[in-house]
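Multiple structures are listed underneath, in structure tokens.
Presented sequentially are two complexes of chain A, the first with chain B as partner and the second with chain C.
Right after this comes the complex of A and B.
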């Protein structure tokens, strides 16, 4: 009986330590910008409902992005983005699974701004590619903010831009990630 | 002959103006839109949990009015508002990202009250991250607050 109780306590402690290492948000922001110097207007969209989970113990980070959540200022651009380029109904979700590879150098319990290197796989438009980028991790009174910026070559993800508009849409889009995370379980 | 030229010029001007407004039209607020579907929050989650592919075919990109209880109101560090509808004992919810062009007084919507919110369905995040499964509505507008009627 005592053994069972000990195992139960150990499991409970194990589980609670685990939860304390995980931070999350469901309101993260990702912007997609494919503006070129010859674009007549900004080719940029924002998604404000990005889900992200970060395990501060292992540095593992996962992002889930519902593609239909990308909003453009111009309706026609948004229609083209979802219907022709990203085919958001066929590929409704993009995923990133990766790791902050220098997470051991980041003190997630001490206020400050830390450089982070993230490495992982990004799946978008049905294609999976390796991504490596530098970003920032900011710790402020128990809250963790992560920010990163990287470029994706549209061709790598089988996103075809018609020749007619090819001078107005950049070949590689700048992806900006901005997430404010809170402790899981709070 | 002169009239013909004037009429032709006017027709061309109307076509050009029409094309200009079509290309440059802004994304409209859903305030004056009609919902494609009206559904209760728990039923909506049940449908998505049962078959995501089928539900995506039915709801993705459509305007949905969801009726349910307000579980939480979240304001992020950029000021963006999310109204969360669902059962407070469950981790799964309908997350309504409020249209940034509308100003909302959050205090008019007590947690636990019945609300109807309309938004564009952007899909379903299955519970693969241990955070519960959520349906997300974008550009959401609040239809009414039944407690305040």
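Right after this comes the complex of A and C.
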């Protein structure tokens, strides 16, 4: 009887210390670039306050991006990005919920650089689409860095580009993700 | 005892299954405490820094320059022979600079009375959301105008200061929703020299301006000032303008109908002669082109 109880308690404790496997950041970087080759000005922005949580046990990775955090070189471009294109008041956050599907092949406790394939849903501008991309996971002394690059078709997310600026704003944007994660303590 | 044992076994099994399931569906982002919403300025109450004629509650972004060309054509009531007023045009060219989020300056020159004008607009309080937010923008605009026409009576003793006028304005505005913004702007204009003895050197006006967005890039605007004191209402009228703002990339086009010719505060508040009743209104436009003249500072990483 006591043994079973002990096992139950041990199991319960084991489950609750799951957090040991979770890593996070609140200031990851995402850059966005929709410059066409013909554009005289750079249509690009950077967001340095990306929240990301990675569960190394399951490979689940989730990102939350405050849209207002995207900053452009040109103030007017930034205003239009929020006001006319992404409608940041209406859709303040973009979310990505997905999984590193080959996480079993990554040793999160051993230093090194690993290839990762991520699959999940990206919700942006009120639209949710499936995204799959290749990225890199680097482990260095208990810190995990993740990097990925992928393209999104603006049309997929109901972001209209008026014809007048189509020589500057590309149909698809390159999204670069760069996050340095640390252990989530609790 | 055996019974209790098997029950516990079941319990542990359930617990095991439960933890597995929760690991699958867990919202990982919930594990991180959400930061308090930061204080954030409410922007884009109006598309431009002027409603139509009057200053709006809006400011230029720091480091940008706005080159504005304003046109007012002749009165529509002049009829077909004058192409409904389009044969004549009065204009003002202006350069506005954004210095801070809540501070801008501008200079302009109008063909009407060959007048040069300059202003400073500053907002001690801006409408914001988040912590310590405030529901409205309160801004102050002060400006001066200088008439550079030859003296109307050169034989009289003329003083340079007679060419000058000043205005002070408080703008209280609120963006009520994504679409609708409204502002009130009590204004005082002081003219060192007025044209007739029926006019006072000081005049007071109460302005009300607003906009309603009909689509992402198009908005309806109106701009009205009620003259409270100091302007001879037998000669002049309350200025009323109604227009459409169209935004395209780096430009804002403001197209409108107005009963005033003047495009600085002194001119349109105290010298609006047209009357809407008699279709003495004019077609006009403001064309604004924005330039980034100073690169934004990199925000330091926390």
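General observations
In the analysis below, the second predicted complex is superposed on the first by the 171 of 186 C-alpha atoms of A that agree within 3 Å, B and C clash if a C-alpha of one lies under 4 Å from a C-alpha of the other, contacts with A are read in each partner's own complex, and residues count from 1 in each chain.
Note that in this section a residue touches a chain if its C-beta (ideal position, glycine included) is under 8 Å from a C-beta of that chain, and two chains touch if they have at least 3 such contacts.
Everything numeric in this text was worked out from a predicted model, so none of it was measured.
Overlap between chain B and chain C is detected when the two structures are superposed via chain A. In the superposed pair of complexes, A:84 makes contact with chain C only, with no contact to chain B. By the touch criterion defined above, A:162 lies against chain C but remains apart from chain B after alignment on the C-alpha atoms of chain A.
Partner contacting the larger number of chain A residues, of chain B and chain C: C.
Touch criterion met: A:76 reaches chain B and chain C at once. After overlaying the two complexes on the shared chain, residue contacts for A:180 are found with chain B alone; chain C is out of touch.
In the superposition on chain A, A:68 contacts both chain B and chain C. Look at A:58: by the touch rule set out above, it reaches chain C but stays clear of chain B. When both structures are laid over each other on chain A, chain B collides with chain C only at 39-47; the other stretches in 3-11, 39-47, 75-83 or 273-281 stay clear. Residue overlap on chain A between its contacts with chain B in one complex and with chain C in the other: 22, 24, 26-27, 48-49, 51, 53, 62, 64, 68, 71-76, 78, 89, 184.
Listed in rising order, the residues of chain A touching chain C in the complex are 1, 4-5, 7-8, 11-12, 15, 18-19, 22, 24, 26-27, 48-49, 51, 53-55, 57-58, 60-62, 64, 68, 71-76, 78-80, 83-84, 89-90, 95, 162, 164-165, 168, 184, 186.
Within the complex, the chain C residues that touch chain A are 1, 4-5, 8-9, 11-12, 15-16, 19, 23-24, 26-29, 31-32, 35, 40, 43-44, 61-64, 98, 178, 216-217, 247-250, 290, 292, 295-296, 299, 301-302. Of all the residues in chain B, the ones that touch chain A in their complex are 22-28, 56, 60-61, 74, 76-78, 80, 82, 95, 97, 120-125, 128-131, 134, 136, 138-139.
By the touch criterion stated above, chain A contacts chain B in their complex at residues 22, 24-27, 29, 48-49, 51, 53, 62, 64, 66-69, 71-76, 78, 82, 88-89, 92-93, 145, 180, 184.
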